Each structure stands twice: as C-alpha cells, then as structure tokens.
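Letters are used for the chains, namely A, B, C and D, taken in the order the chains are written, and counting of residues starts over at 1 for each.
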C-alpha cells in the first residue's frame, strides 16, 4: 500500500494569489493513498525542502508529489531533496500549479478545483512510479564550436585553455567574423582588428584547437557526451600544406570585378582571393561560381603563377566525422539590407549605406583606407545623416524587437565621422537612446556634447535623391513633430540585426528550439541563458539574440565554462527515461513477438535484436532489446508496439493510464 | 496643455470610442513622428498627426477636447502616406475621420473647418438628391454655404466651353433608395 | 460552478515543445480558460491512441494533441510517427463511434506561449458549442471498459 | 475580353476625356466595357469625412449592382472611386456582420464577389495587344504620376509597390515614351481641397509640376481625375505660386496610349484640357 506525501507550494503569491493552496492541500488529504499533505510558502527554499525530507522519514513515504511550479523548473531540485532523504528520486513527481494554472487563470473556485485535479493526477502517477537508477554514459572530451567569430573564438580558447580538445568550424574562408570588419569599437574607440587579430592567431596556434575554415556542419547524431558530427570541408581548390600564402595568385587573377563580401560590396576582389590581409588561415580560396576556369574551362592563370604548385582544380569537398561531447553554437547574426526599405529607395541610392558598410568606409583597412568618401562619387560627405531603428521596432515592415547595438554604434559612427571631418555636420534620427552599459551613456553624451552630433528625436519618413544629394524627410517630435528636411551627402541606416541565414535549418539539424525570428532559444530566459533545451548544446553570442562584443565574449566564456564542467567528469548520468522490453521467465520469455516495428520507428537505432538460444545453441526466440545508451526516451516504440511488450520508464502505460483514470 | 491628465472612466473616453469605431489601437503609437514627417500638410496643422494621437492616448477629457477643436484633423487629406509608413500599423486617417465626425457631433469643429465641411455636405447633398455628383449644383451649393461667391468664377466658363460641366444633372433610377441610404447612415439631414 | 456547460478538455502534449510553450504562456501571464488538463509525455510519438478512447470514457468532452512543429521534433521524427499513426487510428475510432471532430491536432513550439492560449480558447469554445460528450461514455459503460 | 465598367461621376463631367479615352482605347484593343446599371456616386473623398457607414454603403451599392448584373470584375478608371470601392470591399470582407448590416442599408444583397481593378492593372494585362497597336511611338520624356489613391494604403490596394511604383512606367515604354525616374510619383496633389483650400493645392500640385519639369518631363501622365484637375485646371494657381510658367501638359494614361495607337486626339478629348495638350507624336515633330 503506497504512502504518498503531497506538498503544495504557495510560491509567495504566485500560486496562492489565484489558487487557494490551503484547499488544495486539504482536498489532497482525501485522496486514497495520501498519508500526509501540507502547504508552505516556498517549497523550493531550504526550510521547504527539509519539510519534505522530514515528512519522508516521519511518515515513511513511498512517493512524493510537489505541487508547485513547472517540472522543467524545479524537478531536479525536489528529486535531489527526496534522494537526500533516502527515497528513490524517481518516486517524486511535480504538479504544475503555477505555469499551467495560477498564472494563466483568474482567481476562483474553478482554478482551485483544477489545481486539486492536477495534484490528484500526479498522486495516481506516483503510485505507479518505479524506483529507477540513473544511466551512466561516457563523455567524449572534445568540443565542437560552430562559428569562428569573436563568440566562437572566445569559447574555443576558453575550452582549450581548460585542457580540452576543440574543433572550431567556420563557414567562410577565414575566422574573425563581423568583428574583423569593424573599424573601431564602442565605448573605448579602440581598433577592432588590433584587439581581435591576436585572438585569431592564438586560436589558430593553440595545440588543443583544430581549425576547420570554409567548412559547415553536415549532420549531427547522438546525444550529450556522445555526439557524432559530420563536417563538410568545402574544397578551397588548394593544397593548404603546399600554399605559403604569398598571394601571387590573387594579384594575377584576371577576374577582378567580383563584389568583395568583406568590404560589404564597396570593393571588388578576384576569383581566387584571401578575404582580408589578416585572414586566418592566410590561404586563398577559389570562388567556383565566379572563376573563369570553372565557368569556361579555360584560364588556370593562378596555377601557372603559383611558385609551389598548390592550386588543385580537381579538389572535392571532404566529409569529416568527429566524436564530440559538447557543442557550442556561435553562428552570429546578419544585418538587414538597405533594399528592404521602400521609403528609403529600395536600396537604389548608392549613398544610402548600412552600418556595416559605414564600418568599412571608416576602417583604415577599408576600400577608402579610412578616408571619408561616399560610395557614389568618392566625394567627402559634408553632411551625414544616421538613422537609428531602421527596420528595428517596426512591426509593419521590419522586426518588432530592438536590435540593441544600434544606439551605441550609431553614436560611434557619428563620432568617427566628426573625428575625420571636424567641419562636417552629423545628424542622428532616433526614437530612444538605449545606452545601458558600463561607460555607454557617457559615450553617447560625448558624441552630443563634445563632438556636436545633432540628435533629432523622430523617425525618417522618406529619403530621395535630388541634385546629387539625399533629401531626408524627418520630424522633430521634441518640437511637436515639426517637419525637418536635411540635404545629406551620405545616409547611414542602422539596420536591424537578424538571425544568420540558415539558422532554422541548423537548429533543426541540432534539435535545438528557436524563436519566431530564428534566433536560437535558451533553455531558460534567466537561469539557463547559455544552455539550449538539448543537453550538451550551448549558445554564445548573437545567434541567440542581438548582442554587443562584451556581452558576446562573456556569454562565450559562460558556454565554455559549461562545457568544461561537463568534461570534468569521465561519465555522466542520464535520466533513466528509456524504453525497456519486458522479460518473463521461460517459456514465455517476453510478450515481444519479434515483429520489430519498434526498430523501424526508433529515430536512434537504439533497438537491437536479441536471440534467445537453447542449450544446443539453436535459436528459440528473437526479441527486441533496447540499447539504453542510445535510447533517448521518446516512446515512439511504445506507441508502435502491438503487444505492449515495450514500455518506457517514467512514462509507462500504467502511469499514463492511471493519470487518465483520475480525470 | 492642461496639467497632468485626469482620465475619465475608460469606457467613455474618446480613446475608447476611437478604438471601438476604427479598430485602431492607439496605444500602439510610440510617438516616433514618422506620420508627421511624411505628412504633406503637417506644416499647415496647428496640431500635427502625432500630437493629436498623443492627446487622445491619455483619456483626459480636456486633452480630448483640444484634439477635437484642432484644425489639424480637418487638414488631413487621407493620402495614407502616414499609415503606409507607420512602423506600428496605426491607420491615422481612420482616426482623423472619426475625430472629424465626433467634433461635429460635439459641436467642437474648428471655425475654419466650416468651408471644408460645407463642401463635403454640398457634395453629399448633391449625391443624395440625384444619386451622382452634379458638379454645377455642387459649386453653386458650396458657394451659398461658404459665401465665397466670387471664388473661381473664372473657372466655370472655361470648364463649360471644354464640355467639362454638364448643365443638367444625371438622375439615377434608384434615387429613393439613395435617400433611404442617407437616412439610415447620416440621419435625416447630413 | 456556473450552470453553463463547462467542457472538460484533456491535452496530450510533448515535453519539449508544447509543454514548454504552455510554461511560457504562464511566464507571460496570458490567460486562458481553466477547462484544460495537461498530460505531459516525452513526445507526441509516445501517444497510444487507445488512451484517447479512455480519456473520452472518463468524461473528457474534447482532446488536444500538440507537439513540435514538423522538423522541430526533439526526437527527430516522433511527431511524424504520431501523425502517421493517427491517420490509421482515426478510422478505427470512427468505427468505435468516437466523434473524432472532438480531437484537435496542433503544433505549439516552446516559443509560442500565445499560440497555446489561443489553441485552448478555440478548442474550449468549439467544444462548448458542441455540448457535453455523453454518447461515448454511455457506450463505454455499456461494455467497452 | 469583357469587363465591368464603373465610370464614376467625374468621368461624366470635369474629367469626361478620361472616360472618352478609356472607351476609345478599350475599343481599339478589343476590350468590352459593361457599365454597371444605374450606378451611383462612390462617396469620393466626402462621404468618409461625414459618416463611416455612408462611406461603406455607397460603394457597397455599386458592387451589389455589379454582382446582380453578373459581373465578376469591375474596372474603375477613377483612382478615387477605385480606392473607395477597394476600401469598402476590404472592410466588408473582414466582417460578416457589417456585410449584413450594409445589405439592409442598401436594400440589395451584398456578397463581395466582384473584384475591383484599376485602369493600370487592366492595361498591364493587355500589354501584348497594346504593343501590337502602338504604331505611333510618342518618343517623349514623360513623368508618370500615380498620386495617393492608386498605391495606398498597401493593405487595401496592392497591385504595385507603394513607393516608387512602376506599372504606369511600363505602359509608357510600350507607348514609345521615355518614363523618367523622378521623386514625386506618389506625393499628394491636394485632392479634395481643390475648391476649399486652393492655396494648399497650389503648393502641393505646384511642387509636383515643378518636380516633373525639373526632371525634364515634356508631359505628366496620370490615372486620376482629381490629380488631373489639380495639375491641369489649377495650373495658373501653381504657376503663380512658383512664379514660373510651366506649360507641360497633363495626360490621362489612356490618352497617352491612345495617341501612341494613332487614335484621333479629339476622340481622346485632348482639346478639353486647360493646359494645351494637343500632343503630336514626336514623329510629326512639334514639341509641346
């Protein structure tokens, strides 16, 4: 006869505000099998937990139901508590009175009644709980970092310095990411490449880091501690061992008219190219789509001039499979393009540029060598207008969220411009200035007070070209919306930060969830900001949400710490929520009839065939057998099984049946 | 402006009425001023579109009155530039339409709205009577209502010789039906 | 309780998408009717459709089955299996005299708190309009149980 | 091809040349126009100022009549009518209750089956036939002026992009003219203020005329009677304000196409304009 204890939590007013917890505890006492039921202000607090522990000893409880928040929140907390009291942790279940009841319903009897129901359901489940032992699985102490921007580099370095192997995969020909494109960085105005390049080199040289540039994740299988990743190394058409990076080929390539991605289309490159001078690795790559040889079968000039004969036109993509124990996602972001703005000319005006393009115009390594020249005619812009919130906080044509970094980089852009052209005029159209961060607001004030940047509070309605100038139509909402029209030589749109292309597909490969804008979703908005809801996969940087460099680096180190923590053990325990095939004494052996429908249904190839042999070695029966290491506990096999021979621990037919019977 | 707003009961505020009648969510407006920035007549308005929205957002009767008394609401041409570019999908012209009607109902319409109103009423009277617009009738009627007798006197003859002003109205058959339509919507007299 | 009919809705949801989504509804404090009782499963692929018959027999007036969106399944393909199997079971249930129009399939991701609330609202209203589902209970008591 | 036709009030009066030229061009490309029987005024820019219900009822009656006449598509050349009809249709589509209420008001069943199209949309479809007929290329620089009502609000009228539309420009290329890239394609002309606030109209229309002239246009092409009367009839006021003497004519799209097809200018009603618009095709020389 089971002896169940029910513990109802008020969660302060969070539950008790709409649910009468006293009543819930009361009604639980009436449920057969319940020998103890109390309510308390904060069950998850120490006194709350000891309340449970003492009750277990005192009342010799065989099962515990904690009626509190979501099991996704505190199940581990309470199962540990129960274990400390000597009860098997899997004999503890939670009834979700907060997220699924008190927070979503109005105060009233119906709500309290529902809460009582939820408790009853769980009591019935606990009655059918079985004591389970966690499963131990080995950990492969090698991490996979996807994305070679500052986030990926930082995470890789921290993991590597913790003494673990790291594979850093970057899809473009060089690591460095967006940060390598920036001119200076806020709020200190130190040169981006000066602080980034050493890290890039360190990452490349680190004995624990293997660098795969121009490569992408093809496929991922397995689970925490035991992932199997397949990486596609795209053909550079080059033997990297022979190439010395002399760059002769890039200078000789006859095809010079290709838009240079690194310079955001403000300069051109050849078909064989190194993305930028400080690239790591400093080895060229042939852009097959634009290479004359690949298109026409003629040319091969680069091959002729290469002193070491490193060019390999026949090179093919290579698939590498790796065993890794943890993964850090650091695939970054993209900026909305200027052609997304009808009222700003659908991108047809050359002198309407986005923030990243302005970075290149301001950068010493950029197409203008840092001199202020506008794209259309190279004229030095006397008047520059910066438009914040371009596409951000725009539910009708852009994205509804705030892109977070624009306020700061717009102030920086205006400053950089004023520092280069003291007599020039800089205007910033803004809605709000969001400069919360160490020395951030001071930085914005400096732009306004010292560099005399004119901030105008209002959105820009239209931009059009007239007599070689851009007419910017805005309004000053601090003057009751008085219309403001500015003739500008250059307009910089602080366009919205968006999820990197292909984020959705990648998330689906990895089975991590993502938000409606395809940013990867953290496991908990506050308490698990670097975890995903897939164990062993962590997040760093702007692939999760718009982030600036300091935040990105901090989060990357956070993710690295999580990985190091995971790797600090040789094996890890997994929830024993796995399928099992029932076994019975001879001659029945099992209900399993060996149809192996389960095998075809299992997404993890976790179901094996087991032969039952007679003494003479002849096979009597062939039964299904679950490999607990591979099984992830989805239960698809259970639902497919005709004879109910296979069941899943923690969500057994018996348990769910019991839950339904209490409805 | 009056001092701090003194909201009246939510249900009967102008805000509530606007939202109920137009389906526009006034709280969506975050005062970015983009509507005014693109408005072709903003410079002629005593209160600009974003100011008017601001006033009505609060539910303060005194501020509501300011909005209703403004000339701005009468200058809106419903060119839809604002609503097309509004980042928050606020249909400003719909709000303006409602505020004009409400201003007339509460007898708060701005003095200079007289002519504009006179024109629209003359226009609709003509339609009520014949089913279609009878331009000469409209012009004549408008002149009587607005007392701008001499305005545009040179235009009419030039239009006549170009056959742009038919001297007789087109009468449609369903005139009675039209009258009833006006009754059911505008009430007896617009 | 009011004298108006309050339908009893049972929801079979997966742990990774819809259960988390429903949690988000809570953290976002979005309100919905208290008629729904959520049963948490690892995956919609786990659902044995005979359990639905049981739920109806126990007095559910409507049932929601909700998991991850296509391609988003935490277990790669559980939601597909569920859908495929449903195709088969539907006929069987019709045969058993179960009104399958009282069963609603949906996809609610961990990020769709608002969608969960909408779903519950729609289903609750829909079932309220259909009225109590006594037919099958009688049938069940007549011997199916 | 057969299509419902709603001329609207201005096309019977101040802008009858738009009606004339539309019919002429339609006939030339074998497009049969079926006029809605006993049609009424759409309410133009006045009804919605006075009463919302009225601004729904008037267009609804027209659409209901078209429905009753078995029409599935209704051409409204006047941009104002087009816009009013579309707005009413969109609003009623979203709200069954309102549909019933309106049916009661107009004493006719309204189902909203008739699709409303504007002149550019229709001509865009007939490109092949236009190309075949356009034998007298205009060979002139033109500024295509769309105004407000044809392109805004995009939720209601979505046949071309709201900023910098191109459909009329494409048609002008067919007519052998050179459409210019200019900045006032969709600026407001002052519309209904023509009579009441002529001062504003002069400024707004003046800006447009000046803009077209600046871009080097020899004519402005429009598809809206209100735009036309403001740019044409109000030209003296515009010029006075601009202290300029802009004489570039304002043609309806159908007049421009008609000329390109070698139709008789008088049949196209060019003699009716205030600003002389008897354009001869460039072939015959004589610039306007």
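We adopt the following convention: contacts are C-beta pairs under 8 Å (C-beta built on N, C-alpha and C of every residue); 3 or more make two chains touch, one makes a residue touch a chain.
None of these values were measured; they are calculated from a predicted model.
Student: Looking at A-D and B-D, which pair shares more C-beta contacts?
Tutor: Contact tally favours B-D.
Student: Approximately how many whole Å separate the CA-defined centres of chain C and chain D?
Tutor: About 54 Å, centre to centre.
Student: CA centre of chain B versus CA centre of chain D: separation in Å?
Tutor: 23
Student: Where in chain D do residues touch two or more of the other chains?
Tutor: 162-163
Student: Which chain A residues sit where two or more other chains touch them?
Tutor: Answer for chain A, listing residues that touch two or more other chains: 343, 462.
Student: If two chains touch, include that pair; go through all of them.
Tutor: Inter-chain contacts occur between A-B, A-C, A-D, B-D.
Student: If we count contacts the way the header does, which residues on chain C are in touch with chain A in the complex?
Tutor: Result: residues 1, 6, 8, 10, 15-17, 19-20, 22-23, 25-27, 29-34, 37-43, 45-49, 51, 54-55, 58-60, 71-78, 81-82, 85, 109-112, 117 of chain C touch chain A.
Student: Mind pulling up the chain D residues that touch chain A in the complex?
Tutor: 161-164, 183
Student: In their shared complex, at which residues does chain A touch chain B?
Tutor: On the chain A side, the touching residues are 343, 389, 393-398, 431, 457-462, 473-477, 480-484.
Student: So in the complex, which bits of chain B are touching chain A?
Tutor: 30-39, 42-43, 47-51, 81, 85-89
Student: Enumerate the contact residues on chain D facing chain B in the complex.
Tutor: Residue list for chain D touching chain B: 9-10, 12-16, 38-41, 43-55, 57-58, 61, 104-107, 148, 152-154, 162-163, 186-188, 190-193, 195-198, 200, 204, 233, 271-274.
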